[in-house]
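Listed after this line are the structures, all set down as structure tokens.
In what follows, chain A forms one complex with chain B and a second complex with chain C.
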Partner chain A sequence: MNRDQIRSKIAELLGDITDNDDLALTDETTADDVDGWDSVNHVKLIVALESALKIRFDSDEITAPDNVGALVDLIAEKLPSA
Partner chain B sequence: MCKLMDAEQFPSLARLTEAILAVWPQHRRYLQSNFAERDTDMLRHSERLTAMILRLADSTEGGLPALATDYRFLCEKIILPEEMHFRRTNAYRLTRFDDALEQVYSRKEFMTRYMNGLLVSDVIWLNHCRCMKHYADTFLPGLPEGASLLEIGPGHGLLLCLAAERPGIGEITAWDVSEASLDASRHSLEVLEAKRTASFRQVDIFDRSQRRENDLFDAIVLSEVLEHLEDPAAALSALFDLTRPGGRVWINVPANSPAPDHLFLLRNADEATALVRNAGFEVVESVVYPMSGVTLERAKREALTVNCVVVGRRPAH
Partner chain C sequence: MVAPFVQLPWLPAAPADFASLCRRFGSGEGPAGAEAQRLSNFALDATQSGSLSRAIARRRKAKADFAPLSPFRLGLLSNATTDLIADCLPAAAARHGVLLDLVTTPFDQVMQQALDPSSETNNAGLDAVLVAVDHRWLQLDRSRLGGGDEQSAAALEQLRTVVTALRGNRAAPPILQTVPVPPSPLFGSYERRVRGTIRTMIEDVNRGILDLADETGCTVLDTAALAERIGTDLWFDAVQWGAYKLPFAAEAGPAHADMVGRLLGAIRGKARKCLVLDLDNTVWGGVIGDDGMEGIKIGQGSAVGEAFLAVQHAALDLRDRGIILAVSSKNDDEVARRPFREHPDMALKESHISVFQANWSDKASNLESIARSLNIGLDALVLLDDNPAERAQLRAALPMVAVPELPQDPSWYPGILFAAGYFEAVTFSAEDRIRVQSYASDAQRAEVFATSRDLGDYLGSLAMVMTATPFDVQGRQRITQLTNKTNQFNLTTRRYRESDIAAFDADPAVWTLQVRLQDRFGDLGMIALVICRTRRDGEETAWDIDTWLMSCRVLGRKVEEAMLAEVVAGARETGVARLRGTYIPTAKNGMVAEHYSRLGFSMVEEATDGTRYYELDVARYEAPDLPMTVRHGSVRTPESA
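The block that comes next holds the complex of A and B.
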């Protein structure tokens, strides 16, 4: 998966969780920019990413990814390199 | 940056929120929306509670900054990992008391930070704060003049202090299985210069051999205890035996509230009410307070944390 594909996956899952069908994310998007991306939904997003991508997050890692780009980087590190 | 709380109107809240933001600036948005949810009455109650917490803070090691740091530690390092486990598995991590004893209760330094964090949560987390308000503004004033009151598991002792401040309450007794908790609540009564004291006794709610013949109370308080137990139904039936016929109990128990020492997973408020009723009590009142930022409907739909307060009455005959 490349960075764009990871970002789309995040958008898809976060869109499901926050009931937003056409959620568009850029690397610069922060939680504050997205309606409904609160701390409860953040944990749900992380757990949804875990099962969709077969990865595992440590709670230390998820407290404050500054923006979507940082989350994409974190996921990229966890995925087996293609 | 603008101040979160008006320091003239709410000096204690202003001090507490500033102390939190000093160690956790990213918490601003949460605090802002959290306090925006409170009406004036609720803010006044929060201010009163915070004034108590600040006085307790002054008497603990590290003072207010340490308390604020421990609150952040609670949210990020204690609750968040359990939250993730709960979302992954739909269960609490531990179910056995012995495991909680080994992993949580016996770790003294961890426990201190955990308890400090929880003290702050009593005013910051709306579900906790509302429970305290129900206790102080509804339950205590509704008790008959001179009612004797027993709290089991007072922990930090905040509820005990509220009872001691309330005129009209009779003799106050506190039982806890933990010597450290008894010390903490005794200390709180002293620091807050409560109008009177309580008699303290180390008692395990499950151990009937520790009971005395005249152990019968007009009011019994059990707050944030049931979820720590392996057998909550047995605890409630012990409570029933200790309640004088016609007397009342105030039970506060969270549902869907993962924490390292929570063993009993309550799924909703109906289960809480049923537990109290099955122990033999009539249910006088049952209220549910969702976590900050969440409506009751959303909490139900998504299995989010709520606190259930159930007031029960032991039938007179």
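The block that comes next holds the complex of A and C.
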């Protein structure tokens, strides 16, 4: 998975969780920019990413990353390199 | 291969555009029940469950009609974060015929909510409260090698306090859950032999929870069995607990919700009643029409034959606990029956099958006719069929019939059938055990009818003995079950918990009647109930008939007439001048719309919602001739009458 694919996966899951049909994310998007991306939905997003991508986040990684780009980087490190 | 339990492998995979289907459903109009149920019947993950639950919530807010789902208001008390549970529950409940209204309370407020008479839990008009506390709340998360027994006792005392408080504050009846054992053995295999280890303490507490539930009339959610099934390594997620206080792994959410949904469905009388079996490649290997008696694979000696034998044993075990078996197969009748009659290795015999449909019509019409001849709804059927095309067709034609997905290998069939939880129970009574026997006797009764000249002749030849008794402790379980399971011959469809029934016994203003019936073919067990509540009308005392229900198996036998004679006799004894009957229409009880008029009551009012009110003047009633002997139970003897 490249960074763009990871970002679309995040957008897809976050869109499902916040009932937003066409959610567009850039690396610079933060939680404050997205309607409904609150702390509860962040937990749902993290566990949904864990199930979908078969990865696990560590306790110290879970507090919301600064922006979508940072989350993409974190996931990219965890995925087997293509 | 079969997917693990957390992925709900008995359900078909959700379509790729599931989230947008949910959004469309959420903003739609018109009746919502059938579509909610259709969308719930996929193997949903946590995110998909959330999409459906939110869509259901939106439609509930818009006051959509959710029939045939039964509304259920459930309170949730927990010492952990419940947002993810709340996301999964309404979707899973719809799968089991329940429209869930979940009332969650703030994090870790279990005791406060239970004890404070003004708390939301005690005032929200709940149907039940799930007390979802785990080993951490019960302080069983550390071993106490010096004082394990005291610690277990304290944990049970804590739970008892919650139950007593909820009961005392007249909140809804509690649902208790068993406690899963976390995988952290201090001693390894020796763990179980040391008092005060986490495992020995929790196992003591779990036994105590069952006793507490028996004593206080609580339902039990077996969370420990669920965690065991999923595997406690997966169930207990240290990171998710530490970071978000999730009580168990998020991945287990849909399976947990399905377990809760089953339980609520069973409380609402929605558990399935009949297993319909396909034959070729479902109960034996091969095709009887092509392979013949010698060619089909069944019985000991080969892995495949043993796998199909295990399917038959599973069906027989279900039959032993009161589930009706039926057959629907595309075959010639004679050909399909031959293995049942002649094959020495068949565990299933013709006599085990209450309705046998082997023909070339489509399965949907066969299932309809099975439901009709058993007098049960299509939503009480489960179809086990190896053929994916037949399954898909049946689901499309009759979405209310449960049809589990099956893998290629028949070895998995029994496991999938049990995993799906179609036959969830909240009680198990002596009547369940004899019910199957009595369905088989029905066939013999039908034969007698065929040789009888008229109805009176037929009823007389059955040599019926009706036993009429007030409610008692022995009957309590079955009485509760009847109020929850009877949908068709049920005038008011009021559901009661065992504790409610117990309360009636103690209430001098409530008069009760339980009816058992026997005939020359066997004991039909307890088949009907009446509950009357006393009401003063000026000088006059009247009885409101709160509940009148009867099992459809004894329709057309004048049991209603005999019951009215009993009610009137009771009324006269207590100086009651008037009986008031109520008929509250539902989707299923149309057959009793004219019940009271048929018995000679006069209608006094019909409300706009179709509810009808009737009255009968006790003084004017004359008992008819009845084709049965009536006996009275021990409490009310003929002498005192």
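Convention: the second predicted complex is superposed on the first by the 82 of 82 C-alpha atoms of A that agree within 3 Å, B and C clash if a C-alpha of one lies under 4 Å from a C-alpha of the other, contacts with A are read in each partner's own complex, and residues count from 1 in each chain.
In this text, contacts are C-beta pairs under 8 Å (C-beta built on N, C-alpha and C of every residue); 3 or more make two chains touch, one makes a residue touch a chain.
Just so you know, these numbers come straight off a predicted model, no measurement behind them.
Mind checking the superposed model to see whether chain B and chain C fit together on chain A or clash?
When both complexes are placed onto chain A, chain B and chain C end up clashing with one another.
Can A:13 be said to touch chain B (first), chain C (second), both, or neither?
After superposition on chain A, A:13 lies in contact with chain C alone.
Kindly classify A:27 by the partners it touches after superposition: chain B alone (first), chain C alone (second), both, or neither?
neither
Contacts for A:40 in the overlay, against chain B (first) and chain C (second): which applies, first, second, both or neither?
Both: A:40 reaches chain B and chain C.
Examine A:59 and indicate which partner it touches, taking first as chain B and second as chain C; both and neither are also allowed.
Both: A:59 reaches chain B and chain C.
Counting only touches as set out at the top, which of chain B and chain C does A:77 meet: first, second, both, neither?
neither
If you tally the residues of chain A touched by each partner, is the higher count for chain B or for chain C?
Higher number of touched chain A residues: C.
Which of the stretches 27-35, 81-89 or 189-197 of chain B runs into chain C once the two complexes are superposed on chain A?
Of the candidate stretches of chain B, chain C runs into 81-89.
What residues on chain A does chain C touch that chain B touches too?
Of chain A, residues 40, 43-44, 47, 50, 57, 59, 62 contact chain B in one complex and chain C in the other.
Using the touch rule from the top, collect the residues of chain B that touch chain A in their complex.
26, 29-30, 76-77, 80-81, 83-84, 87-88, 293-294, 302, 304
Where on chain A is chain C touching in the complex?
Listed in rising order, the residues of chain A that touch chain C are 13, 15-17, 19, 21, 40, 43-44, 47-48, 50-51, 56-59, 62.
Residue numbers of chain C touching chain A in their complex, please.
19-20, 23, 26, 45-48, 50-51, 54, 81, 83-84, 87, 239-240, 242-244, 246, 250-251
With touch defined as at the start, can you tell me which chain A residues reach chain B in the complex?
Those in contact with chain B are residues 32, 38-40, 43-44, 46-47, 50, 57, 59, 62-64.
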